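Letters A, B and C mark the chains as written, and numbering starts fresh at 1 in each.
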Amino acid sequence: MEAFIGILNYAVFFAITAGIFAVLCLGLNIQWGYTGLFNIGIAGFYAVGAYTSALISGPPPGPMDWRVVGGFQLPWPVGFVGAALVSGLIAFIIGIPTLKLKEDYLAIATIGIAEVIRLIIKNESWLTNSVWGIKHITSPLALPIERGIRALLRANPGFPLWLQRLVSNGYNWFYLGMVVLILLLLYGVSEKMIRSPWGRVLRAIREDEIATSTAGKNIFWFKMQSLVFGAMIMGMAGSLYAHYARFIDAETFEPFFGTFLIWVMLIVGGSGNNLGAILGAFTIWGVWAGTEFLTHGWGLTGYRAASLRVISVGVILEFILLLRPRGILGEEKVVSFIFKKERR
Amino acid sequence: MIVLNVENIIAGYGETEILHGVSCKVEKKEIVTIIGPNGAGKSTLMKAILGLLKPTQGKIFFSNKDITGKNPNQIVQEGICYVPQSDNVFPSLTVEENLEMGAFIRRDGFREKINEVYQIFPDLKEKRKVKAKKLSGGQRQMVAMGRALMLDPALLLLDEPSAGLAPRLVQTIFNKIIQINEKEVSILMVEQNARRALEISHRGYVLAMGHNRFEGSGEDILSNEEIGKLYLGE
Amino acid sequence: MDFTSRIFQLALYGIVSGSIITLGAIGLSLTYGILKFANFAHGDVMATGAFLALIFLNLFQRLALPSSPFHPLSFGLPLVLAFILCMVATGGVAIGIDSALYKRLRGTRSITLLIASVGVAFILRNVLQFIWGPDPRYYIKKIQVSVRLPILGLRIKHDQVFIIIVAACLVIFLHFFLTRTRMGKAMRATSDNMDLAKVSGIDTEKVIKWTWVIGSALAAAGAVLAGIDNKFITPSFGWDMLLPIFAAVILGGIGSPYGAMLGGMVIGLSSEISTAFIATSYKPAVAFIIMVVMLLIKPRGLLGEK
């Protein structure tokens, strides 16, 4: 029973992280899956969201910190909304010079902005505490819930060990519920938008930009809205992460975890399909966790284990591209395309 | 002797079928023109002959050899050269480099051949060191045709050779085509400028909706009232 | 040192790093021009070249090749031989990746190739890290003292002069290759119009192979030169080069190797000179900002066409 609770607690931890990745995938799916915007700087928007939220809702700088601003300790929803807004703003700024250009330019521009954001996090210690990171970020309702759990355990000293373990993990259950709720909400909103006339225009842009523009649609603004909307979701994921991990630094948002893994998740799940995005996130996060057991089993540790795990994810991506480019679920045919691309 | 024999080919792009069984023939030393309205499948036929797209059914023979489904570079080696309608020169290469690229698969010297091309198109000799992107439309067309002649093709495919040219130049280009044909090169061309093209052609085909509609000598087609009304704009 | 000579000193370093960036950018620009996709693994191909050179270097040192440095340079025959061999080997690696992966994806959308290249980037980087670990590996252990030039009190190391000369030779070699040889001209032709190249009888698959070999060999050369300049290499080198080489290519105009040279120099110079005004750690950001400004005012780049 205790072993089972151990696994259950691990499963909760796993699901929270996978859920946050799923939120990121939904954001990317709007940009890439539905509009064809090639954003490989997800880590930047994710990090901006995390830091914004930590600065708004997190603790003030401690005596050992270099950081001098932030830590307004506002309620978490304020930080959450702030994260979305600031990420969206950054997306808006980066979209201005790049959205009129070919997709490759957007790719390199987003990777560039992510790198600049990483440099800022590393160097501007007054704002981000640089490499020391922001510690002790408060989790929403953590205080009352944990106080309640302690009171419950004190009042029932006779609980068997497994029940004690289950109950002490209560906050994670709460957080999981929150992540799932937000994920479902975003899924619903995203599905609704994608099926609206607005979403149809996005897909038309992805299929054939020129035909869509001759149909009188302002491509630039539609792309901008998609980029900003997707980035806002990524910012929200950042906020969810920061308040769960309670610690963030520049390394948290390195290109592999912040960007590449999310791309693999979406492609494996099936871009252009919101369910696929979520499925991909859980699958690949499962694979990622599984590789840890494997490398552990082979006696690999440290950088060797980490490298091998990254290589295996890379190889999975290449195989998917070669053998099943549409991913597990493939694209969902929502409505017939307005324009069928006609090749000359 | 039959140089090219296309038998009932079906071809298209992806799932879209454009040619629903088209046949045509080119005899030695012939000029053959294919006319037809937009979307009839004229350019598609050219691309299928050259191997730029693979027919799903039907056969293509060149000098009695089956070339169906071969790749463009193999077909070029057999002796069919092609001048596309647009983007038919390498813009950042000089005129001479363009011609040289036409002779890419020739292992022997191509200098002599370049001089032959300059004889047909004397204008190009003056411009030999000029990049193709700096040339006028007519000059580009000449470079493109010159490039295609570098391999001594037995058959030359021309896709709308007069498209977009000033009327004065159209005649020049057609004269060049006759001149090339006199060197024993068979020619199969697609033309919008149907009347002028048929005047210099030995035979012609009318294509519509991916089907053969009519075939006959140049004069036959020109004198056919129905075709005149439908396809020659009278 | 007064401000003017400081700027000139930085400009001198800028030429050194510009030479390295140029060699990386040329390969990126060539593959971009011919295969029409942005190869995000190019930086990691550079790093792979640097580590292949390390393998050869260690091998030659074990073979007890005469290893006394070529005076006044800080390295000798083993590194020079390793330099040459790694260019060939990196070309081989690139062809291997092409036939295993990119070739099978040709004909799909260029963005699929781009995604595949991002995967290749992570695979290469982590293979290097798996074998050699994340810490720096040294080409040269000796410290070289820079010499003073007679003008403005500028200083430069002999190794850096070597870097500039070798890069210049490679660029000149490339120029002759592209303008004087059949294959070079075919590469330019294929870059202009692949379909037309095909119907002209050019074996475009062969051209593509040559493009990978030349581009990757130059990338490897750039990486080894960077290793000579810094004395060490790390698996993350490729990632650090990514923004500068992309900025150089976009600045010069995609697909134009000459543009890549110009862009490489501009990026090298401006990144180095920027350190007189802003924190050194923001050097990669300078390349990025120049690139964004270029995208705003002239997206086709300085020498771009089409």
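We adopt the following convention: a contact is a pair of C-beta atoms (placed from the backbone, for glycine too) under 8 Å apart; a residue touches a chain by one contact, two chains touch by 3 or more.
In this text, all values refer to a predicted model and were calculated from it rather than measured experimentally.
Novice: Counting only C-alpha atoms to place each centre, which chain is farthest from subunit C?
Specialist: When every chain centre is compared against subunit C, the largest gap points to B.
Novice: So which chain ends up closest to the centre of the protein, judged by Cα positions averaged per chain?
Specialist: C
Novice: Approximately how many whole Å separate the CA-defined centres of subunit A and subunit B?
Specialist: 55
Novice: Measuring from the mean C-alpha position of subunit B to the mean C-alpha position of subunit C, what distance in angstrom results?
Specialist: The computed centroid separation for subunit B versus subunit C comes out at 43 Å.
Novice: Starting from the mean Cα coordinates of subunit A and subunit C, work out the distance between those two points in Å.
Specialist: Centre separation, subunit A to subunit C: 33 Å.
Novice: What are the residue numbers in subunit B that touch two or more other chains?
Specialist: Residues: none.
Novice: Subunit A touches which residues of subunit C in the complex?
Specialist: Touching subunit A: residues 37-38, 40, 101, 104-105, 108, 110-112, 114-116, 118-120, 122-123, 125-127, 129-130, 133-134, 239, 242-243, 246-247, 250, 279, 281-282, 284-285, 288, 291-292, 295-296, 299 of subunit C.
Novice: Note which residues of subunit B are touching subunit C in the complex, please.
Specialist: For subunit B paired with subunit C, touching residues are 50, 52, 71-73, 76-77, 81-82, 84, 87-93, 97-98, 100-102, 104-105, 133, 147-148, 151.
Novice: Can you list the residues on subunit A that touch subunit C in the complex?
Specialist: Residues 36, 38, 40, 97-98, 100-101, 103-105, 107-109, 111-113, 115-116, 119, 122-123, 255-256, 260, 263-264, 267, 303-304, 306-308, 310-311, 313-315, 317-318, 321-322, 325.
Novice: What part of subunit C is in contact with subunit B in the complex they form?
Specialist: 182, 185-186, 188-189, 191-193, 195-204, 305-306
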